[in-house]
Amino acid sequence: MIEIRWHSRAGQGAVTGAKSLGDIVATTGKEVQAFALYGSAKRGAALRAYNRIDDKPIITHEKFMNPDYVLVIDPALAMTDDITMNDKETTKYIITTHLEKDELISQIPALQDKADRVYVVDCIEISLDTIGRSIPNAPMLGAFVKVSGMFELDYFLENMKRVLAKFPQKIIDGNMQAITRAYNEVK
Amino acid sequence: MQDLKLKAAEKRGIHQLGGDELVGWDEVTQGIILTSFDGDATDIVHKKAEERNYSDFNSYTATVASWRVKKPVFNIDVCIDCQNCWVWCPDTSIISRDKQMLGIDYDHCKGCEVCVEVCPTNPKSLLMFNEQEDLETALSQWPEKKKKEK
Amino acid sequence: MAEKFDLNEREVWDGNYAASQALRQARVDVVAAYPITPSTPIVENYGAYVANGYIDGEFVMVESEHAAMSGCVGASAAGGRVATATSSQGFALMAEVLYQASGMRLPIVLTVVNRALASPLNVRGDHGDMYLGRDSGWIQIDAFNAQEAYDLTLCAFKIGENHDVRLPVMVHQDGFITSHTAQNVYPLSDEKAYEFIGDIVPVDDMLDFSRPVTYGAQTEEDWHFEHKAKQHKALMDSRPIIDEVFEEFEKLTGRKYNRVEGYDMDDAEVVIVALGTTVETARVAAQELREEGVKAGVVGIRVFRPFPFDQVRDMLENAKSIAVLDRSSPGGAMGAFFNEVSAALYTTPNRPLITNYIYGLGGRDFSVSEAKRIFLEQKTNVDAGHITTDIQQFSGLRGPHLGYFQTKRS
Amino acid sequence: MAITSIKNLKEFSTNNDRFEGAHTLCPGCAHSMIVRELMNCTDDNLVIASNTGCLEVSTAVYPFTSWDTSWIHIGFENAATAVTGAEAMFKARKRKGTLKDNDAPVKFVAFGGDGSTYDIGFQWLSGAMERGHDFTYICLDNENYANTGGQRSSATPIGAHTSTAQAGTHSYGKKQKKKDIVAIMAAHDAPYVAQLAPNKWKSMAKGFQKALETEGPCFINTVSPCCTEWKFDPKDTINITDLATDTLMFPIYEIINGHELNILYRPKNVLPVEEYLAAQGRYKHLFKPENKHVIEEIQKNINEYWEMLQRREEARV
């Protein structure tokens, strides 16, 4: 089973991101789970969303997980939230930041011995440029596709179009650009 | 805020909202009661924030700085102390003392930009900058007075 | 200063009047109430005492029972003594706020005159409403007659307001059978009664502005469980304090109350366990059967919450066959009271035979002869060495026998 | 009572806040602007009750409180009852002399959103108003159940899209007009009732002070634009409120003793309602040709209501 934990703030689209990812993964015949932990806080408050992916039906309902991937879609949360909580020797981190990777790691003691597993991408900037709003979930998906190697980019984009079908073409195009840019820019 | 020494400063921003200091059942407060202050709080209304004995339960001691994507920067040279930003700030984050606007409480500001919108000066005394921009750089980029469009 | 209310050493009061006199003597500051049969006279009387200067309090007549308990919560958080009364549908409407009151640890006294829950609508007594409160986090004390309704309401203030308890308290009495039946009641003088209860000493007083307090904060999964556990502990820890208050009351009046009351239990072989007035009726049957050589005894639960699990067990473990009487529609299960008593007895080596009787719903009369019949069925069980009837059966019901489940025997 | 000076904003700004930051309301939320202003317009001690709703879940999330005065939340519907229970206790204890400070003035205030005011708590509010307690009820009217994700309330205007009155291929959103809560409260013979808006900070502060000073049950409906559910940028909260008052979608007025109506703000240039509607995502669908009639109806309703207010103001009955 692959487990993914998203760190985000309400309104940034992590829940939608996790569900979209689940939706697309399911098209490959795998079993998926997507859920979130909400507080009562309003737009802007920290929240965590989760994905599980497996070859057989997923019947665990615990929120606890040892994540294989940690996706941080808010730059500040990398500093303030416990992003390495319950991680493994192999956990990969994809972090939204405007900083260079070395700069970021120097500011987060918990990541210092994990540098080879940390990837950075500026999802905020990408979403502002492509979608016009600070909704970093879509670019994060692009970065995840690249880092995980789980899909071909084109396959993912095609399926994402289906997930976004109810939105206006402009939004769909923006999301496609965002995913593609993040796929190319994550490092 | 640059010149204002908040007496309660040691209590500022010590908490992340979201429960970083969880305690066991034997230590939670009886009846889920939260006290706003430590010690006697009579006449608290006549005390300024820096004179108050806020308890750890008071959200004044917490921070929501991480909510911001962009931050407002205050340019005291342009400000006319109209207090528009003070009255309409939804996060009690405009620090005014003795009818003067002193600055922004960055522990509580969520970056909503209302203060910038309601600022009447030309150029505005409050503008949004990237979170990581330092004050000096921001002030150096301040726009000139705009001519009235007819 | 309140007007002097003349009391005789011996009064003839019904249960409602007895409870309202206890409210007067406790000098309750605020009663927020909405009338409902059969508890209405309790708050009407309080209103009359206010109107005639016998008490210096505020009588807030609200527009529903939900509002009644809401007003009580606000008033209690504001630091004074608070009480109200209700029954049945009113109790059900209050239910949401009952949980709020106990969660906020507010020592409100609620006199509940037990009445059946609709549908069908019925104003008479059974224990459906009392059961509805059983997980609400309140202390629930049960009076079997008018004197007890008076005595226990006085005790309720002293228990709930104790700073080591700080929980709301219900004092139950049976609708009409107690509430509307006049009996001899021996009241305390106003001075003695108030001295017994004492002044309320507020905790987290909303009107103490030297210490502003926030009541009713939200907790999610990271805090809720801890608060509920602490609240449960407070309820469990109230047991010795309830005992102390009962002892103090005995010193004052000679009337001794216990969290579990046993009658003729020293050598009892067949036992009825019940709540409310049924306890007393069953005692009559037990005494009559004793004359016929049947070793019958009765156990009455005085404090329904916190449930006296260990005391119930200790009192019943040497009995041979026990009938637990539930005066509430069981809703697709064994009677809730039966389940609790059985669970206590399951932890004994003897594990007496135990059966469940559903009886008296909607005020259906419970007679001495019915109690006798139940005792004799237990006797049959004892003689046979096993349960000879259905484990759950309806008693006093018209129509064909209704019962469920038999014991498994090899 | 110790009212604070509201002569101008500079004077007003010398007050020390009793509503603290780091609450968890959305950025740009008007609720906290309104609450801050209420708490800043008096020096008296305050007992505040809040119904369940955005304000409540965002200002008292254990282990934090944003309230520097006594505050209580019970349920969705009963803040009015809770605060009037406390008010009754205040009277009883004051008579008996059991208060910590028996002379300090205390004001009792309840806050509710439009969900708890217009809908689920309507009965509790009506009961508390009828009983004549000395308290002020303030509705933070954001015209939807924002706390639960934007469902319709009886305060939602006709034509607005909400999650339970959706605009779609077969619907233009909510079909019913907004309930006139101010008229209903005035009909309770309340000594002071008003409808106020945070952009007009002075008339709002004045109204709050009048309500707090007036003995008896007072009711104030405040418009509280909700950037999240009305779908506008958080920075525009006050701009949207300006449009609400300048299009007369949300007229500002008071009613004293149930009949003396005073209009508190007359826009110099009344704007067409389209300007207000166009600024919000929840009305986006109304600009499709087939929904033009809804905008016309909204404008007609506004004109009629404004006419009625003016006539009532003149008639003094």
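Labels for the chains are A, B, C and D, by order of writing; each one numbers its residues from 1.
Convention: a residue touches a chain if its C-beta (ideal position, glycine included) is under 8 Å from a C-beta of that chain, and two chains touch if they have at least 3 such contacts.
A quick note: this is a predicted structure, and the numbers were derived from the prediction, not measured.
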| item | value |
| --- | --- |
| Central chain of the complex, centres being mean CA coordinates | D |
| Between the pairs B-C and A-B, the one where more C-beta pairs touch | B-C |
| Centroid-based (C-alpha) most distant chain relative to subunit B | C |
| Between subunit B and subunit C, centroid-to-centroid distance (C-alpha), Å | 53 |
| Whole-Å gap separating subunit A and subunit B, where each centre is the average of the chain's CA atoms | 31 |
| Between subunit D and subunit C, distance of the C-alpha-averaged centres to the nearest whole Å | 43 |
| Distance from subunit D to subunit B - Cα centre to Cα centre, in angstrom | 25 |
| Per-residue overlap in subunit C, given as positions that touch at least 2 other chains | 209-210, 212-220, 223, 227 |
| Where subunit A touches two or more other chains at once, by residue number | 39-41, 44-45 |
| Multi-chain contact residues (two or more partners), subunit D | 24-25, 27, 29, 57, 60-63, 65, 67-69, 101 |
| Complex contact set, residues of subunit C against subunit B | 103-106, 166, 203-204, 209-217, 219, 222-223, 225-227, 229-230, 233-234 |
| Subunit B partner contacts - residues on subunit A that touch it in the complex | 9, 39, 41, 44-46, 74-77, 79-81, 98, 124, 134 |
| Subunit B residues touching subunit A - in the complex, by the definition given at the top | 16-18, 64-69, 110, 130-132 |
| Touch list for subunit C against partner subunit D, complex | 29-30, 32, 56-58, 60-64, 66-67, 70-80, 82, 96-97, 100, 199, 205-210, 212-220, 223, 227 |
| Subunit D - residues contacting subunit A, complex | 24-27, 29, 54, 57-58, 61, 228 |
